[in-house]
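Quick one: the structure is below, and I'll ask about it shortly.
We call the chains A, B and C, going by the order they appear; numbering starts again at 1 in every chain.
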Amino acid sequence: MYIDKAYVSIIKNRYGLTIDEAIHDCLLKMESSKKDNNHDQGSYKISIRNLNVWFGTKQILKNINLDIKPNAATAIIGPSGCGKTTLIRCLNRMHEMTPGAAAKGCVLIDHRDIYYKTVDPVIIKRRIGMVFQKPNPFPTMSVFDNVAAGLKLNGVKDKRLIKDIVEESLKDAALWDEVKHELDKPGIGLSGGQQQRLCIARALAMQPEILLMDEPTSALDPIASSKIEELIHGLKKDLTIITVTHNMLQAARVADFTAFMYMGELIEYGSTNQIFKNPQKELTERYISGKFG
Amino acid sequence: MTRLLDLGIDHIHNIIMDMAKLSENSVFTAIESYQNGVHIKKQIFDWSEKLRISQEEVSDLSVELIARYQPVASDLRFIKSCMEISYGFSRFGRYSYDIADVLETMGAIADCDKSAVLETSKIVREMITISLQALQSRNKNAVEKLYQMDDIVDAQYRKYFRDIIESSQEQQENSVPSKYNNNPRCYISALLILRYLERISDHACYIGDSVHYIVTGVSSPRR
Amino acid sequence: MHKEIPRQNSNNNQKIQDIMSKRYYRRKLVDKLASTFAIACVLAAIIPLGSILLEVIKNGASAIGIQLLTQPPGAIGSGLEDSGGIAPAIQGTLIVVGLASAIGVPIGILTGIYLSEFASGAGLFSTAVRLFNDILTGLPSVVIGIVGYVTIVVAVGSFSVLAGAFSLSIIMIPIVVRITEETLNVVPNSIREAGYSLGISKWKITLFILLKSAKSGVLTGIVLAISRIAGETAPLIMTILGTSLFFSSFTTPIDALPLRIWRLASQPYDTAHSQGWGAALLLIVIVLISSLVLRLLVHRKGFRVEALHV
C-alpha cells in the first residue's frame, strides 16, 4: 500500500490497522462476497474495495467500492471536486506522484492488488494507458517519436516492430491518414484535436489493457470531441476504458456504464441507460437534470 | 434555480391541463346530448379540432425540448408521457365527436331505452375523472383501479353485443320477438356509443399507465 | 417562451462613460511621458555599452596582426618589432576556460537537475544545497582565487592550470545550477505526467525528454557562465600566476587574456597599451565566437528559437 511516510501515523491512529492487515482484510471481503452473491465476480476487470484517499489531512475519497467490467466504456460523472480525477489516478498509481498523497484500500486488476508492497508502480503504468485533459505531446519530438516514446524509452529496440506498432496505434487513434506523410513534423504542430489523438496513439502504443481518460475532450472543439467519442466507441471492443467527464451527455453518448460521484462518495453506479432514464437516488436525478452542480 | 428546460416543461404541462379539461367536457357533453337529444355536433366538432391542434402542439414542443435541452431522467419520462397523454386526450375529443355524430345520423331516438349506455357512461365518466386526478397529483396507484373499471366497461359492452345477437338469433329461429327489433336505430346507436365508450375507457387506462411511468420509470404492458 | 432577464440600471453605464471621457486626455499624456521615459532608460543603458565597444574596436583593431596572435611576449619595454604577441595568453584562456567548463558544466547541470526534479521542496538537504548555491553566486571572485591558492596551489606546490580551472569552475557552477533549475522548473508538469503514465522511469524522463525541452535555456546558462569566467582576472592572479611561455603541463603556471591585459595596461609603454587593447578586443571576439559555435552545435539547423509551448 503506498502511503506517504509523513502520514502513516494519521492513518494508523484513525483505523488501527497496519498496511498488510488492510490488504488482507479486503481480499477476504472479496472472497466472502463471491460466495454470497451469485453474480459473476470473475468477469470484472477492475475491482475497487474500500478505497479511501487523503491529500494531507483532507479526505478526498470515502470508501469507494466499484467493479468495472472489461471491454466496455465506463464513465465517471460528478460535479467539480468530487474526486473523480483522484479515483482514476489511483487506478494506475499516478496519484502517489503528488506529495502528501495517501491511499488505503484495494484496487484489484485481474484479481491482483496493484498496491501490494512488492508491486512496482512503474510496471503498473505500462499496463494502463492514460490520456489527460490537456493534450500533452512531448514538445521536442516528432509525431513518430511521440508515439514511439513509450516503446523506445522502455527498451524496445527493434526498429521494424516500432514502426509497425506506431502505424497501428495511429490507425487505431484515427490519426494515420492525417499524418502519414508528416511523421517527422513536430508533435506540437498539430491542431488541438489531432494532438489529443496523438496522445491517445502514444498511450495505445504500449498495448495497454486498460485506458484511463481524464476529461479527454474538455479542451477540444465539438467536432474534435465527436471524433474522440467515435474513437472510444471503436476501442472499447478490445480495451477497458474508463473516462472521467463533467459533460454528462458525453457520458450518455459514449459509456456503457456510468458511476456518479459526489463529495468523494460513490452515489450510484449502473448501466448508462438505467442511470439516465431512471436513476434510483434522488441526488443522481438532481445532478443529471442540471438542478445543481 | 429555474432551468431553461423548466419553462418548456411548464408550458407543456399547461397545455396538457387545458386539454384535460376540454376533453373531459367534450365527453360529458356528448353523453348528455345523447341522453337529452340535444344536437350540438358543431360545438363538439370545434372542441375536437382544438384538441387535435393542441396534441400537435405538444408533440412539436416535446421534440423541440428534446433537441435543445437533451433532458434526462424524470424530465425525459415526463415529456415522452405527455406526447402519449396528449394523444389520449385528442382521442377523447374524437370519440366525443363520434358519439355526437351518431345522434345526427340516427335522427329520432328520443324514445329508445338508453339505460345500458347511461350505466356504462357513469363508469366512464368516473374513470376520466380519476385519470385526470392521477395526472394532476402524479398518483401512480390509480392505474390499478382504472383497469378494474375498464374490465367492467368491457364486460358491459360485450354483454350488450351478445344480447343483441342472441335475441335476433332467437327471433330468427324461434320467432320470439326481440326486444331490440322495434327500432334498429336504438340498438345500433347504443352499440356504437358503447363501443366508443369502451375505447374512451381504454385510453383513460393508458393515461394511468403514463402517469405510472412518469413516477416510477417502469412501463406496464398493455393489457 | 423565455423570460426577460432585467438589465442593470443604465444610469450607471452613463456615469462610467462620463468619468472615462473626462480623464482621457490626462491618460494620454501620462502614457506618452511613460514611454518617453522608458526609451530614455534604454538609451542610458545602451550608450555606455556601445561606447565601450567602439573604444575597444577603435584602439584594438590596429594592434591585431599575425605578430600579436602568434608570438610570445617580448621583453618589457621593447619597441614594436620586438614586443612579440599574446599567443600564450590566448592559448591559456582557451585551456583554462575549457577545463573549468569541463568541470563546472556537468556538476552544474546535474545539481540543477537534482534541485528541480529529485529534491522535495522543503527537505533539509535540498534547502541546504540551494542556500549554498546562492552563497556561492555572491562570493567575490578574489576570495575564490584565495581559496584556489590555499587548496590547489599549496597542494600541488606551484601556481598551475589546475588551480585556475578549479577556481573558475567554482564561479561557473552556481550560474549553471540556477539557470538549469529555473529552465527545468518552467517545463510544464504535464510533460512529466505524460512520461510517468507511459511507465518511463524518472531519470529517463529527465534526460531524454525534459532536458531536450530545456535545451536552449540551459545552453544560455552555459554561455553566460563561460562569458563570465573568461573575463575573470582576480582568481587568475592567485592561481595561474601568468607567464610568457606556452602551455607545458597542468601543474605549471600559464598565461591568460584577462591577466595579460592587466599586466600590459599597468606598463607605462605605448606598445604595451596597444597590445592590451588588441588583447581586449580578442577576448570579446573569442567569447562571441564560442557562444555562436555552441549554439550552432546544439541546434544544428541554425538559429531556431525553441518556443515554449503553453
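The rule is short, and it goes like this: a contact is a pair of C-beta atoms (placed from the backbone, for glycine too) under 8 Å apart; a residue touches a chain by one contact, two chains touch by 3 or more.
Computed from a prediction, not measured in an experiment: that's the story for all the values here.
Undergrad: Using only Cα atoms to place each chain's centre, name the chain farthest from chain C.
TA: B
Undergrad: Just to be sure I understand: the centre of a chain is the mean of its C-alpha atoms, right? Then which chain's centre is nearest the mean of all of them?
TA: Answer by centroid distance: A.
Undergrad: Could you grab the centroid distance between chain A and chain B? Build each centroid from C-alpha atoms only and quote it in angstrom.
TA: Once rounded, the distance between the two centres reads 54 Å.
Undergrad: As a quick test, compute the distance in whole Å between the mean CA positions of chain B and chain C.
TA: That gives a centre separation of 93 Å.
Undergrad: If you average the CA atoms of chain A and of chain C, how many Å lie between those two points?
TA: Result: the chain centres lie 46 Å from each other.
Undergrad: Residues touching two or more other chains, restricted to chain A: which are they?
TA: Chain A, residues with two or more chain partners: not present.
Undergrad: Which stretch or stretches of chain A touch chain C in the complex?
TA: So the residues of chain A touching chain C come out as 92, 94, 97, 99, 122-127, 129-130, 132, 134, 136-141, 149-150, 153-154, 188, 199, 202-203, 206.
Undergrad: Where on chain A does chain B make contact in their complex?
TA: 248-249, 252, 276-279, 284-285, 288-292
Undergrad: Enumerate the contact residues on chain C facing chain A in the complex.
TA: Touching chain A: residues 120-121, 188, 190-191, 193-201, 204-205, 208-209, 212-213, 215, 306, 309 of chain C.
Undergrad: Given the complex with chain A, which residues does chain B contribute to the contact?
TA: 1, 3, 5, 70-77, 216-218
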